[in-house]
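What follows is chain A paired twice: with chain B in the first complex and chain C in the second.
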Partner chain A sequence: MSMHWYVARRVAWAVVATYLILTITFGLLAVAPGDGQTAFAFEAATEGGDVDEARETFDEITGRDEPLLTRYTNYMVNMATLNWGWSFTRNQSVMDALAAAYPYSLMYAVPATFISIVFGYAIGLYSATHQYTLTDYLGTFTAFFGISVPNFWFGIMLILVFAVDLGWLPSYYQTGRGVWTLANAKQLVLPVVVLSTGAIAGNMRYSRAEALEYVHADFVKTARAKGADDWRVLVRHIFRPALVPLMTILVADILGLLFAGAYITEVVFQIPGLGLLSYKAIIQQDTALVMATTLVPVFIAIVGNLVQDIAYTVLDPRIDYGDR
Partner chain B sequence: MTDPLLSIRELRVRFDTDEGVVQAVDGVSFDVERGETVCVVGESGSGKTVACESVTRLIPMPPGEIAGGEILFDGEDLTEASEKRLESIRGGRIAHVFQNPQSALNPVYPIGAQIVEAIRLHRDVSKQAARDRAIDLLDRVGIPEATARVDDYPHEFSGGMKQRVVIAMALAADPDLLVADEPTTALDVTIQAQILRLLRDLQAEFGMSIVFVTHDLGVVAEIADRVVVMYAGRVMETGSVHDVFDRPSHPYTKALLDCLPGQGQSMRPIGGTLPDLKQPPAGCRFHPRCPHATADCRTGTHPELLPVGSGHDAACVYYGPGYDSTVIRGESVSESRAADGGDAVADSDSDHDTTGGDC
Partner chain C sequence: MAPDTQSDTGATERFEDVEWDELGGLGFPRRTQALVVATVAYAAAVAYDLFVTDDAVLSGTNWLFVLTLLVGAFFVAWPLAENRRLTAYYWRRFKRNRAAVVSAAYLVVVFVVGTLGPLVLTEPELNILAAYQPPVYLSVDSAVPTTCVGQTADGLCHGTWQYPLGTTSDGKGIAKLVVFGMRVSMQVGLVTMLIVVSIGTAVGTSAAYFSGLVDELLMRYVDIQQTFPTFFLFLIVTYLFKPSLFLLITIFGFLGWGGIARLVRSEALQRREESYIRAAENAGASDGWIIRRHLMPNVSNTVITAATLLIPSFILFEATFAFLGLTDPATPSWGQVIASGRGDLDGAWWIATIPGVFLFFTVLAFNFVGDALRDALDPRSEGDA
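Our next item is the complex of A and B:
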């Protein structure tokens, strides 16, 4: 089977997966109690509005009183047209809320991802080619520290030391300082450090393990016997084959970093990114916003899987298009 | 006679492991003349691979370490050479072919690219010129339709074809010496014969020397000019292929030949196992398994190589003063000879049997 057919099937599968996830989400919401109506009415009551009227308004906005099939059709059409609903806690559309939050997440996630990949892989490859030396043990120890230390604790400790005691860096994130300013860079240092620590460690362990499979491989010995120098052997004959399995982790890492770890980091450092947005939405039962902030990572995971599958076709000539 | 191309002198290689120091190669010496094929024979673990990979320092270091001796290649001591210098010798003047062709090629690059890499590491030629040479080499080692297959990946070739590719890669820079470490062991018998024939033809064509590491005496008979028999990190016997096969002069060599099937008589395996190289036995390394071992064999150091014929040496006390060497040689030498009263340096080479040697 050809590569085009393989890619077409992977894309088709991604579409099916997306459809299934949306439908299941709809089903869960339909049967779930307290879909936000109560919270909405409560909000209205505290502001001196009429509770019953608020309930009706809510039903009208969300179309709760329509038949199930109509609601399902509307829901799917809205999802497909990126009309993801209204966030009543923020008084803006969900899409606007996401768009406003995204840059803040990217501001620390991009450098953190970049740093963790470069340093993680560099240390991992070094460790693999210098197995059982002092530097290898040191790298491994650092990695275990990075993996073991919980983000929220590490973040708070860094704030205590560098913001409270030493006063070198701000203790929490403040908006309105521009993007490319020193002030903004300074307040991003601690979040980036917290996020990178765990990710460097993970990358280091994976790349070390994968590279170790090839350090003693026959073809690496062949490469040395050809007269290739250490750098060439490392890059072309150890790292390149190891990149095939590492690709899976690499893609997951890049995407996962944006959301999973960022929750805690954003709450600790009060960065108004997607993590904090989602966190607040959950606390305040803003259903539309909760759905958006949880569905976005799901879609990214689907796209990520697709990217991985296609990356294999480029990286691994042995891939079999037969039965996938 | 000119100097040998490769001269290994008293080479010692050891590995520092968690369980202790393994003296994998312990004072090994042998020469390789220009254009000749030397077979290094021995059981697994005899140190033959380590000795040959030490020549270009391919053994992992650490834990490996060249603890002594000289490796003179074309007059240059490679044990003293810098890593940079060795990189230019590896693949450039000394090429290697390894045992398992299934894993000797990098799975993520086309074979042509891997040969081009070998060429361009040593020759300052354009990519296109290197590619043309790669196709020539593939054609030369018997890959059918080389032009069409140059961009195929290793997994698209059979084991025998892969070994041909590996050989083509080894020839990339026209080496003076080819070190082939059990290149046929992982292959079918019919393919083995093809590869051996290929190596012999290529040697005639390129005029290179070959060091052929094997435990298969059938292969030795097929390809060797001279034989080096190794056991437990030492050389036990060395000589021309005819001498070693017709007049095996060390009990170990004799025992190895007795293991060969199809000799008319019943085949006799060697009892016992290789000694632990972390604590090699005192005296002769082979004495625990030797049917002729005496008290002298069990103490002191391993016996030195002593001449038993022209260009034929064996490391056995029976060739020293006070021993009757016919005890060792008598059984398989066709002409019986009179005991030569103590001094057992083999008399002459007048009785060398130059026919056969095949087994």
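Our next item is the complex of A and C:
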């Protein structure tokens, strides 16, 4: 199979997957008993409105009184045209709510990703080339700590030590402190640490295992015999072949880890990003917002997987396109 | 097993002369008999609970947990007890990793206390008068608890043995909450693992063995399933339906087996080419027989290792959702207690800290044991990490 054909097929598959997921979500929405109608009516009642009228209005807005097929078509068209509905708890369109929230998520997720890749790979490679040394054991221990510690509890413990006891850092995030200011940087330290700890551990384990496959490979021995220095051997002969499978793991796992982890981190530190937006929407029964905030990470995961698979074919000339 | 002894008694003994009854009979082995009895008893008990009595004897989660224990007893404990030499060999290899041995001991304690404790102890009760009591041997400014159960000295409230790990903001004993949390964690971890492993192994081996269209269909389905992150799927589902432990186990169990299926498939593809499978085929064994007797046992080591490493992730997921308040609030779980102590970090640090310590060490222990099992069970991993 040629590479172009493979890429085309892969893109088509991503489209199919997206379509399937939207359909499944629609199905869940259609059969679910509680999808926000009660909350909406309650909201209307507390504001002095009529409950039955509110229910009707809700049905009208969401189109629940129409036949299933029409609703399905409308839903799909709305999804495709990025008309994702109205958040009644925030009184703004879902798109606006998302647009307002995502910069806060990026503020700590980008540094955390960067740190976890650099540190994770560096420690992993070092461990692999210095197997069974004290540093290697220390690294392995760190990895076990990182994958085992519950994100939310780790966050709370850091708050307890660094905010409550020592008072060095603020215990939760406050908006209105600018972006590139010291105050903002200080309140992002703990979230970045929490999020990157788990990711560093994952990266480290994978890169160590991958690099170990090449540490004793013939071509590495040859390179050493020819007098290549340690750095050159590490970067040119071990890291390069190891990078290809690491790419695969990187995109999918990091995305998953960062998204699920970010959700928790935002709730713990009260950062008004996508995770907290979604969490509040769930608590307040704001269906449109719940759907949008949970679907965004799903779509990003699909695109991430796509990019990863294509990158894999570009990076590794040996790949067999017939294989999964 | 007996060619030597037979040659001792002379090679004249013929097939029809063998006293089969003396050798244990042609009937099923004891394990199979016991398994059949246990299955029937279990099915009868569940049917009784479902159809005969109105008040549930055990909840759905508890029934699944009993099933998991039965499966564990028949398919892990019994074969290990029968094959003493193999067990001793594995144990020798496992023992090399001292951290894993300590971890395993810790997990056994958590498992026993978590399974038996809730049967003996009463549920932790609300008691406003006993709120914010510090753990035993520790003390806290007596302004923190409204009334101090233990002694007050120099303006400090001391903990008592009545509440060895202190109490929460509504006076529930944390020690009891921890014990009840052990049960939840063990149930989520083990039951979900059983579902995932059963489906994953069945799908993986079938895909590898039948190949062709079956393989294509099954693995395409896995592709779809793997695309949808379970974390977010569960968020949507808890939002739309009433959250419960049973729902969590079902969602993660029935949608989380994709990874195991892929792993088993790739492993079984290699096994499938081995000559003993070909030999069985030529001897006329059926597909089901080959899958059950030749393919599955030979991928089981991979599966056991992967399963052990899956358990902690399920425990963490449950704790996370409990922390977010997206599980049944009536089920006391570690995540829930941590969440309840979040607002009291200033005065009562122990509420959020103690359950988290147990959670962290449980997850860590499973990771250690899984890692050691990989080294112990996989003959090909000799030498390297």
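Everything that follows uses one rule, which is that the second predicted complex is superposed on the first by the 317 of 324 C-alpha atoms of A that agree within 3 Å, B and C clash if a C-alpha of one lies under 4 Å from a C-alpha of the other, contacts with A are read in each partner's own complex, and residues count from 1 in each chain.
Operating definition for what follows: a contact is a pair of C-beta atoms (placed from the backbone, for glycine too) under 8 Å apart; a residue touches a chain by one contact, two chains touch by 3 or more.
Please read all numbers here as calculations on a predicted model, not as lab measurements.
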Checklist entry - Overlaying on chain A: chain B and chain C, fit or clash? => result fit
Item to check | Which of chain B and chain C A:F219 touches, first, second, both or neither | outcome: first
Next on the checklist: Quick check for you: in the superposed arrangement, does A:H237 touch first (chain B), second (chain C), both or neither?
Outcome noted: first
Next on the checklist: Looking at A:L315 after the superposition, I want to know if it touches chain B, chain C, both of them or none. Which is it: first, second, both, neither?
Outcome noted: first
Next on the checklist: Which partner chains sit in contact with A:E56 here, chain B, chain C, both or neither? Use first/second/both/neither.
Outcome noted: neither
Checklist entry - Of chain B and chain C, which one touches more residues of chain A? => result C
Checklist entry - Counting only touches as set out at the top, which of chain B and chain C does A:A228 meet: first, second, both, neither? => result first
Item to check | chain B and chain C, minimum CA distance [Å, superposed model] | outcome: 11
Checklist entry - Which residues of chain A touch chain B in their complex? => result 216-219, 221-229, 236-237, 240-241, 244, 315-318
Item to check | Complex contacts: residues of chain C adjacent to chain A | outcome: 219, 223-224, 227-229, 231-232, 235-241, 312, 316, 319-320, 323-326, 335, 338, 341-342, 345-346, 349, 352-353, 356, 359-360, 363-364, 367-368, 384-385
Item to check | chain A-facing residues of chain B, complex | outcome: 56, 58, 60, 84, 87-92, 95-96, 98, 100, 103-110, 117-118, 121-122, 153, 155, 166, 169-170, 172-173
Checklist entry - Where on chain A is chain C touching in the complex? => result 13, 17, 20-21, 24-25, 28-29, 32-35, 131, 144-145, 147-153, 156-157, 159-160, 164, 171, 208-209, 212, 256, 259-260, 263-264, 267-268, 278-279, 282-283, 285, 287, 290-291, 294-295, 297-298, 301-302, 305, 324
